[in-house]
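Please go over the structures that come below.
Two complexes are shown next, each including chain A; its partner changes from chain B in the first to chain C in the second.
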Partner chain A sequence: MKEQNSDSLSKRKLLHTTVYSQCFSPCGKYLVAANNFGDIAVYSLVAALAPNADDGTRKPIYSFKASTEGSIYSLLSTETLLISAGNGDICAWKWSEILDKAAKLVWSIKVPQLQAYTNPEINSLALSKQETGLQLFAGSGDNNVYTWDIESGQQTNSFSGHKDYVHCVCTKNSGRECVSASEDGTVRIWDCRVGGEAIHVLEPNKHDLTARLDMGKWVGCVTCDNNEDWLTLGGAPHLSSWHLRSLEPICIFNSPGVTHNYVSFYEDTILSGGSEGYVNHWYVNGEVKRKVPCSAANVFNINVNTGSENNKVLCVAGSSPKIDVCTNFGYTAFSLLFAL
Partner chain B sequence: MAATDGVFDFCEARRAFNEVIHNVVNENTLDTYKNFVDNYNASESEKRVTIDQSFRDVLRELTSADRGCNVYKNFICLTIEAVTSELCTPTVPFMCLTDIFDVIPIDQCEDMFGLVEDKVSVWKSQVFYDTGKNFLLRMCNDLLRRLSKSQNTVFCGRIQLFLSRLFPLAEKSALNLMSQFNLENITLYSQIKPEPNTEENGKTDDKMETGDGEIEDNKTDTPIDYNLYRKFWSLQDFFRKPGQCYEKKFWVNFVANSDAVLEAFNSSKLDDLKASKKKIDQRRQQEPDAFFAKYLTSEKLLNLQLNDSNFRRYVLVQFLIIFQYLNAPVKFKNQASVLSDDQSNWIKSSTEKIYQLIKETPPDGEKFAKTVEHILGREEFWNKWKNDACPDFERKVSEDTKKPQRRAKRRRIGDDLQASGGKVIKMGHPELTRLWNLNPNNMDACKAEERMFLPTLEDFFQDAIEQNDPDAQVEEEYKLTNDQTFQWKALRLLARRSPQFFTNSTTPAQELKSYLNSMLSKLAKQMPSQQGEEMKTDVEDEEGIKETQDDEDIKQSDQGKEEDTENKEIVLSKKVIRDISEKIGKDWKKLAVELSFEEDEISYFMSEEQPEVEKAVKILTIWIENEPEKATASALSVALKEVGLSDVADTLSPPV
Partner chain C sequence: MDDPKEEKKRKRTIKLGDNSSSGSGDVKPDMKRLKSESLKIKQEEAHVNTGRNLFYAEEEEVEGRDVDKDVELFQSACGDIQRTIADITALKESKSKNAKADIESKKMEGVLQIVMLKKLNRLAHIRCKKVRDGTNEAKMRIDRCHLLVQNLLYEIMHLEKEIMKCLGFKSKDEEIDLVPVEQFYDEAPTEISKPEVTESDGHQQTLARLDWELEQRKQLSNKLKDAQKSKEKIETEIKTKQEHLDTLQPKLNVILQSTKPVQEYLDMPYDAVKEEHMTAQYLPHPLFVLYMQSSAYKDACDKKMKVTLEGNLEAAKSTDFNAPLVLDDDSDSDQDEQEETDKKNSKRRRKTVEVKKSESKSKVLTKHPLSVVIEIVCDDNSILHLRFHYLSYLKIITVVVNVTMATSSSTSCVSASDILSPDLILDALYTGDHGNTSPNHSNQYELNRFGLQDLNVYVTQVGRPYLWAQRMGGLQFLQGDPPNAPQTSVSYHTMQSTILKLRKRVQSRLALVKQLSSLEHNNVPVTSEYIGMFPVKLSSHLKSWQRSTYEEYTESPFTQGKVTQGIGCQSDLFFKTVIERGSGKLEAYVVIAPDYPVEAPVFCIRITWGTVRDSSNDCHIQELEAEVNIHYDELTNEKSCDQLLTNQLQRLIMCFDVYLETESQNIQNEGPSEIAKEKVFSRLCRGKSRSKPYRFNPNTGIFSHR
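Let's turn to the complex of A and B:
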């Protein structure tokens, strides 16, 4: 009876699983994903891509509970550490221990509680390599962006200015500046050395080209390209590319009725995913390259394994326990199952 | 050079001819040759044999001397000329061609073949065709066997084209009559799963250690989707042998694999890079299409192949071909090779998907899809042609050249009516005719006495008037006027017949019964039976006057009619009767039947011993006497036409 219960319980849990974030190991052979229950699962890409792969290889080889307080929204990988953040503290785990299947918390950072009885979640993490060491940027639910120095564990900076929680952060100018997108409809660019007010504020909902006021104002994702000329953002406004010099939207990527949760540059295309079950590949000038259907109805994360040539796959995670793996980016080859 | 008398020395002759032909080759003209042949002293057949042989000999010498293609070409042209001037048998050019192709290398063959192609019209001409077609076919087949399909594809194509131009459209020799498949065309691909390497890995990383159960990295550069790879190439096996698909097990596999592949094609749309470039540049020349005889199936190529438009088109067209085969009725298929409903449905839906995918392939997807559809449509036609045992395409001249007999025109009733002066109508059936002719004039029939259903006032009211008479002493309740039906009928009749009904009376409306009684009393006064005989005689007189008037009317109309008939028709005088009878002759019997004579009457006439003509006269006269009104010239002519004596009938018709 109990087994039946636990069996059906696990099945139901599977139905409700949402994978918010994924990350590749530094060696490129493993994929790590985190879900809304606070679990982290590790998959072996090599096994899954082998000629004799079957359903068994599509399940995690190891999983552990990373957060007891709720979902994990963001994963990040340094050379030795896997950093996870979400509801609760920012935690770091050693890769070697993870792959040994005995993960132990190395350190954790508590998000500053500005008021009593609040426990802000971290929605997004970003990393930058400075001369001083590794800086960790975190966009938090209390409308601020915090930075820590990883070596020392000290909080180095905090940027306030957003009127609502921060969806996404990313770094630019090799970490001297950071960009944050927030629910209040603004994208702010901060100077990390100076702090204080944002040096630039972009409001996509005020521009005719990008605004979609019937969908709201919130900006869900932001990213910069390698040359630092372009900033692409999306959310309630149209997914659009802005020129950083002029801070004007230059072209929009037409996706009617779809808000975007994730965007990134990859080679000469832009990958984006949002509130429809497709991964969009765009040319930088705004034309659609392709729309690949995926198993999740809402896409939260798209990641390309750039660390490894052999296992260069594109993984799509979203509101489904299945993580789609694409070998040829044009179609989904198979799906990994986030089942514990 | 004259041979000895009697025995024909072949060798000598041969040698002699060879020399001459060599000269001919050098000079490139046949005139000297003609003279020589004519003058040579031997019989025709002997000469013929020698000539043929010597031509071949000379050719052999030329080829062994390796004189070059141009020389060979000239030689063949010479032989053709020789045939046309009847200097050698028509087989000579063909034999020479066969010989040449047998001995020269392939590149020279291509050259020579150009000559063969150019002379297609010659080969198709009357003189050459029958003798030469088998030779040519054999020669081409030998060539094809020699050539490699992948190396000399163009040349193979040329040979096939030549054959198709040479033979008529319905030629069956190249047909795959039994619809057999090339079962040897197997596509190999790596199906064996590589064993995982479980050996210990000695090296350690700073960053991580390899755990047990881990698999060695493949030496591949990009990750390969083995699942799709296997499914994809397994399809080729089904394409090779479509018969498998009829079995349940294989069908399930086929459907699963096809669905997976089509899904992959669907997700992975092809970018139209070429097309976008074309918009900028001018319209470039069409690039020559890539062609390869066999698929390359290495795993590493799968990614590239999926992104290639041509490859995708090949595979999709393969699908369409196999679908068409599975659906098509072929005479040589097994009885068990029939698709179930589910299978047909799946095929239909997949076909639509595939056409959609084809339309999306760049460049010119739509045009390509239309072309494929058209070709498959033609294929169905050819299939049907094969099933009907390959009928010839030439239209045969129709053999049925007999003129259809002139059918007698249907007679219209109106004509009949006119012919008989409005008296007789022939309905085509004796009973109908009888019924109709009781009274041909509808109007009169309607007015006839029998059809007068409305009673006279007298008849109707007789009883009622008697009742009303106080002398009769009929009691109130027994009077007819109480009866509602009577009352109603009485009112109707009064309205029709009696003017009293409409007199304007100032008395207020009475109850119906009393009203009727008062009417009755008024009628009684007018009624002749009540009033006595005075009225009767009056009425009689009136009636008598009416009758005489009617008679006069009728007489007048009759006279009018008679005048009409006199004016319009030829009177059937004795002379006319005699004329006709002479023409009728023996056929009077038929005419008698037609003129509604009875059987016994006809037999009576037959028994009489008179010449036929007289009999004819007799029946005609009797006919006229019997039915003076109906026996008009038109009626007679109509009857004659019916019998088949149209020409006689024509004489009767009045001059226009």
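Let's turn to the complex of A and C:
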């Protein structure tokens, strides 16, 4: 009975698909995306951007089950590996095998289980290059941030202090420091070399400029600019830029009624997305550069392909089976479908 | 030698010349004439004798003489005459005295020369005649030879023909298919094959082979005779046995008759079964397959099934349905054309044409007089009656469905009275099989030809041509092409699954009706086996449950996402429900496919709580929908999934509680909020989407995330 209905079930699954994360292959020719059912789909950007592209080329060229426990919240790419995390273990897959359409698990890291019944998830991954090797940062559902050495798979550090789960992590100061945003409404900056308590704690919900108490206090996303003067965060409080040396909010990016799930710097603009069907391009001074409508009502990830100049596109993923591709960033050129 | 002869001849001729000149000398005076007349008779007599003799003599003389010499003689004679005449002339002119005598002697000389010429003339004539005779004779000879040659040639031709005939002669023995030479030497005894003679002599070999053939044929014919004899013997034996058996029949009948009361008493209807099997012989082939397979299935696996035959046996016997039913449609079409040409003057005729047409129409849709009736008794004693007809012309099986509800389960259900209707209860038993169109694509053309509409117009009249019914009758329509003949294997392979599906369908429909009637009273009936899956206390409650329509569903603002994804179609059932908790209100459209519960109902949700939210602007509602639309398999067990709808609804109510409670927790309002936190959650939010803990763990009573 179930086999018979797999068709209608996959149709329904498509309807309820949310794409939480996406990333580009090191060569810049492929896009991978992960959804709330634990599937990873691989798209060929070259084929999708080709002049003779049709609906067929906008479907995954390959897909595989990366997690049996549910959503995958974060994808990350190294030179040779694709790292996926979400519910369940952190898993690494070889790019070459993925592109050969035969993905095999290379290694996996089990998230430390500190309490019963919780089975914490990984909401965010970040990478930093150290002299000793690549460090993997993971913001976990058990309120902690963990770091691992990718080569050895050994846990190198853990930062605890958040009162609720960690939404987002990013690194700054060449990976010597790390920033985490949490459901508890705080953003903490940690010194990776020292460990222990956070060196700084930002509380946007307690600051008059940024607080939006009617929306809640959680901070969903955080990012630093390249010069590391600025830190931008968003969530239930206003999307805002904080000056790192003074640790004060300098400007807010006004988007009434919208909570933000994703923010990043791209060149001199800030890209953000949240609980409305738009991708926002901001000037650093808080003015709107443009608002681009997209398929997903809730945007979870915006990613610019920098790996390949020919396939330089901006991809938007969210609570929709469609991944929007913007070729010149100003409008959605076409959508890739997360159809398995 | 010549000279003496010639002398002789000359003498004779001179003599002759004398005679003749005396006879014919007219120049003499009368006196002389008288003298000569007296001599004449004598001379004549002698002349006749001598003339004949002379003639023969001259003939002989001709042979002896030389032609050339005669010619010379002739020339010299001519010369003499000329000379004589010249001499005479000279003499006359000289006027000498003795001229007269000289002239006279010269005249004599001249006359003699003339006689000589005469003689030569005669000889020439004779010679000429002789040569002519010789020529004729030679000609004759040549003719004879020619004739002979002709004869010989003819004979040659004839002989050649005969030779050809001989060469072309075909002997009888060539037609006989002889055994190959090797085999012949292997098999034939040496006295026949005589290898020492025959191997070198082809003729002898052939003769030997012919002998061997004859021998063999003789043997075979003997064998045939023997076989025939034994056959006759066996036939007589069979005959006697048959007679014996025939006499047994009445006896057996008597015995059977006497066992009837016992059969009835023991409830073992052997006779009835036998009779039915007799009747089954007259079923059309597909129905026969259906009947045999379903009875076999009944005997083997399903005692709660009844297979019977109904209909007019006599009619079935009288009609030869094996012969292809040819309708007189050509004449019809002819008449159509005619009708068009003289439309005006044929009102009456048109009527007759129409009558004819309607007759042929009804003929197209004729059912075979016999039908197979299958009754499937469900657990609660409701009965599904399936009457299978065979449309002899269209060559398809149709089903007339009827459901008899058990008295215990009769429920009044306003919103879904039609889901047990015979038309809909078996809709989409297999995906896409609505029983509206004929599986035999060629039927469409046939119907058109008789001016009939699509088959779905007539389904009330003839029953529905479901695909599974065709398969039960062994008819496999691959892409609409009619099969050549019903195949038992097709029926055999699908029988069990179809019967199970039918039974399941009826049961789930009955269960659905029960659920719906209870939902109408705003009561969500959760059966005891599933009650553990839900928390004891739920604060939301069902406010209303109503039937809706496809149009309403498609036009509703919050269903657009599903509509564009192609969820919900005309044949589905639509309901609208409202669940409330305080000021929180959840509206949902429920799409129930005909194939429920194999295909689970789909919920489209809109929540009004402060603001109006639906899956397109609130990912929590999307997740809420996924809880019921995707993870429904947790709500069924292996035995049956008939309680799926109510379980889904119960889960929806539960999840709505979770939604409201977590929403109110997230917003840090001062003072007591409207929605109290009643549930225990492991975590309020999880993941990037801050998803809600919709999942209930019955063991711990804690809600957690999926």
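One rule holds in what follows: the second predicted complex is superposed on the first by the 333 of 340 C-alpha atoms of A that agree within 3 Å, B and C clash if a C-alpha of one lies under 4 Å from a C-alpha of the other, contacts with A are read in each partner's own complex, and residues count from 1 in each chain.
Throughout what follows, a contact is a pair of C-beta atoms (placed from the backbone, for glycine too) under 8 Å apart; a residue touches a chain by one contact, two chains touch by 3 or more.
Source: prediction; values computed, not measured.
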Fit-or-clash call for chain B and chain C when the two complexes are aligned on chain A: fit
Touching partner for A:Leu15 - first (chain B), second (chain C), both, neither: second
First, second, both or neither for A:Lys217, with chain B first and chain C second: second
Which superposed partner A:Tyr73 touches (first chain B, second chain C, both, neither): second
First (chain B), second (chain C), both or neither touched by A:Ala102: neither
Chain B versus chain C as contact partner of A:Val201, first or second or both or neither: neither
Minimum C-alpha spacing, chains overlaid - chain B and chain C, in Å: 18
Contact footprint of chain C on chain A as seen in their complex: 1-2, 4-5, 8-9, 11-16, 18, 20, 36, 70-71, 73, 86-87, 117-118, 121, 123-124, 141, 164-165, 167, 183, 213-218, 220, 261, 275-276, 297-298, 300, 319
Footprint of chain A on chain B - complex, ascending: 193-194, 196, 205, 207-209, 211, 214-215, 217-218, 220-228, 263-264, 266-269, 271, 299, 302-303, 306-307
Residue numbers on chain A that touch chain B, as the complex places them: 25-27, 44-47, 49-53, 79-80, 95-96, 99-101, 289-293, 309-313, 327-328, 330-334
Chain C to chain A touching residues, read off their complex: 431, 561-562, 565-567, 598-599, 602, 616-619, 622-623, 625-626, 629-630, 633, 641, 666-668, 682-683, 685-691, 700, 702, 704, 706
